[in-house]
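The two complexes that follow have chain A in common; it is paired with chain B in the first and with chain C in the second.
What follows is the complex of A and B.
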């Protein structure tokens, strides 16, 4: 009885605390809103946008967001790729991944064999279009990562990725190419990641291609949720046969698989 | 109320609501969800500010700098969420609990 009493008292105290938190956060929200309106009524300060648009012709791309990401603030994007890599290293350090889901049935496998190539093609399109319209490496990488998620949900324990050794190379590809381009530019007398306008477009495209692969692999590997399953977890020949059989739509299944009338 | 101001207000409401859930709920998955709601709120504030016109002459020239920062932020938030979820799974596998070992409710 004393147990239940202390429990109910604790619940009561928790409720009081929640109320207190709610009230103080409401005050905080009101203060933030007030600050925001003060900032708004002070009028627009000089923004970076005008400078960004003014320098756009020399950046090699005509999409201002891509110019900010890959040219003006390229350091930021390099560090962001490093953050993604660090997060994945953290996930891998926690141990092996859980086993995958069971092999998908014919309907899901058929859908996967349509959707995944479509996602990859769309990713490539977004990567290219990022130079002059909304799109770019991160959007393309997100689509590749989504393709990996779908493949894992359909039963591949490694989300369609290669073995761990190859995954490591693909993961560091973004940071590696980014850094090498920067160092190469330094060697030729420009600053670190200061592209000469003549080559800017192609250097940015090179970095974005590497970044797309790295982001896609990192997102898919993060979804796997641990170190990739080792060689013993690789699909056996039978599994591969089943996978290819499931991936290629067979219009005429073997009579044994047909429901018997 | 202009559109940018509206989105900024929605964003601030999301931040406050997410902060409330982050403090009140003990379950780690709820905390991660709350953090994601908070970051969505921050992104909305940024995007709202990006639409803020410098003057009446260029009404809708969006500022690409906050947009690019939001793009960066989304990727970092996704990476952090993935790591947090992996940590939660590991915590549950090791201790069987999905809360932190503190004295809430004792």
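What follows is the complex of A and C.
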């Protein structure tokens, strides 16, 4: 009896607490909104939009969003691609993926064979259209990632991606091409990620193509949810040699959780 | 001239890509990337030394549109520290990780973390800083969970969520500032904030959101709750990076905002709150370190305390008018941050070796460590003396100037905090050392595992000897004016 009483009292206290949290969050939200409107009315109305439009002819693209993402603030985009990669590497570091789902039935398989090619073609279209209309690498990559998710749901344990070795190259493609273009421009005296207007369009397209592939593969691989299964997961003789050469006594406090070579 | 500025960020990024794509060559490529990044950092220091503060507008656009990179005295000193510590950690890691899968996971994430650190120190744009914070937080949490045991994964999942909360809070502040001033460039925003005292509410709210979010990442008391389990359960090289560098990066950003951007509103009264929290952190962190049962947990709590000291400088800086006295305070602040970076990295690397060797890191059962691992014990003692602030370490000078500043500005109560913190620190360091000696015979070899012991020893030595005895150049670096730099 006393047990349930104290339980109900605890539940009551919990309810009071969540009410308090909700009220304070609402007050905070209201205060922030009020401050936001003060800031909004403080002037600086068009902010950077006018300037971004004004400089558009020199960017190599006519879609201002793409100009911001791939030219004015290309360095941010480069680092965002690295964030995506870091997230996937974090997922991979936690262990191998769970085994694949059941093979799909005839109806689902039929739908997949229609939808996936369509997604890939649409992705390619969005990539190209990004130069002058809404679209671009992130949207195209998201469609490729969605294609991967569908393939995975249809029972492919790898979500239609190649083996680990090739997957790693595809994953790094975006940042690699982006960085190499930046450094190449620097080597030719233009400055890091400073595209000469004459080549800007093609350099941006090159970077966007690489980024699309990398984003699509990263999203699909993230959905797989772990290191890809495959022959690469087994240690090779060469690795074994390197391992014994570097061996020192008891390197880990939790030997049970580490796969023994 | 501004090439090293870009290379400090691009080289580790490139290294991370190659290490990811060619996992079989991870260690070789990783070490090459570490060496070249550290060389770029040295080149950057040399360039700043010769030419003064460097500025670079990426993409060659107007200051409003482009993302700015800049390297002034403070940023350069921290980049140099972070990269030397990073090199030490990299060398140590080649001997620490043996498991093939672990090696392949460590190097890409570590190099991405490194790129984010350098990018954060050198950024001059508020939104770019947010991207760097994200990269730093995700890479750090993934690295911290590499041991794979339940405690580590749970602690680092919490670290990830806390980090995201901090980033979002920071981003809210950035959004407010962009709405009010229409720019993200730190220099232009600083002018805007200084010219608009009528927007006090917006400025203060943005500052509160940004500083609170970053204080969560910097583990300022009472927002430190996530740090001890996350840092103590990570693999040793990762603990060293998290404690010595990642936490410091968040503090660096607070300092930047405080001094460069929000200086018109960060007066004495405002600075009192973080300083008081810092004072509690000094006492509480040191006390918990003294009571810790495990060596790595001790080191983690010691980080909470050491971060606290850095916040004590804020009211002193606010009360001191520009001039030599303020420069001294700033140099002392930097000296403490740098010394802690080297010392804590050395301490964690040595603690990792003790743990590997003994199979545990329970402080009470460490008897005989001094005989079995003399060089490692020496490294712990050296870095410990830097954590205490014994002469000639850099933190001795730092604490001295801190107390001098406190008395000069009439804020004598900080002296009590510093003294108490120092006493507690000597207690927790000597507690470890007293346990480490045993009655076993003296060994024949001083160094037992060069690849692991030399980095720890070098970092510890730098924190004690180099930073203490040769801290003069720091003043020169800080005093360097703005010499323009290249386009």
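Methods note: the second predicted complex is superposed on the first by the 222 of 261 C-alpha atoms of A that agree within 3 Å, B and C clash if a C-alpha of one lies under 4 Å from a C-alpha of the other, contacts with A are read in each partner's own complex, and residues count from 1 in each chain.
The definition used in the following text is that contacts are C-beta pairs under 8 Å (C-beta built on N, C-alpha and C of every residue); 3 or more make two chains touch, one makes a residue touch a chain.
Bear in mind that the values here come from a model prediction, so they are computed numbers and not experimental data.
Using the contact criterion defined above for the overlaid structures, shared-chain residue A:94 touches chain B and also reaches chain C. Touch counts on chain A: comparing chain C and chain B, the chain ahead is C.
By the touch criterion defined above, A:194 lies against chain C but remains apart from chain B after alignment on the C-alpha atoms of chain A.
When the two complexes are overlaid on their common chain A, residue A:65 makes contact with chain B while staying clear of chain C.
With both structures placed on the common chain, the touch criterion links A:103 to neither chain B nor chain C. In the superposition on chain A, A:11 contacts chain B only, with no contact to chain C.
In the overlay built on the shared chain, the residue A:33 is in contact with chain B alone; chain C does not reach it. Once the two complexes are laid over each other on the shared chain, residue contacts for A:25 go to chain B alone; chain C is not touched.
Of the two partner chains, chain B is the only one that A:219 touches; chain C does not reach it. Of the two partner chains placed around the shared chain by superposition, chain B and chain C are both touched by A:83. Taken together, the two complexes place residues 32, 36, 40, 44, 46-48, 52, 72-73, 76, 80, 83, 86-87, 90, 94-95 of chain A in contact with chain B and also with chain C.
Interface residues of chain A facing chain B in the complex, by the touch rule stated above, are 10-11, 14, 17-18, 21-22, 25-26, 28-29, 32-33, 36, 40, 44, 46-50, 52-53, 64-65, 67-69, 72-73, 76-77, 80, 83-84, 86-88, 90-91, 94-95, 98, 136, 138, 215, 218-219, 222-223, 225-226. Every residue of chain C that touches chain A in the complex is listed here, in rising order: 3, 6, 10, 13-14, 16-18, 20-21, 23-24, 56, 58-62, 64-67, 94-102, 105, 108-109, 112, 115-116, 119, 127-128, 131-132, 134-135, 138-139, 141-142, 145-149, 153, 172, 175-183, 196, 199, 201-202, 205, 355-357, 359-360, 449, 487. Chain B contributes residues 5, 8-9, 12-13, 15-16, 19-20, 23-24, 52-55, 61-65, 67-69, 71-72, 74-76, 78-80, 82-83, 85-87, 89-90, 104-106 to its touches with chain A in the complex. Residues 31-32, 35-36, 38-40, 42, 44-48, 51-52, 55, 71-76, 78-80, 82-83, 85-87, 89-90, 92-95, 168-169, 171-172, 175-176, 179-180, 182-183, 186, 190-195, 227, 235, 238-239, 243, 246-254, 257-259, 261 of chain A are the ones touching chain C in the complex.
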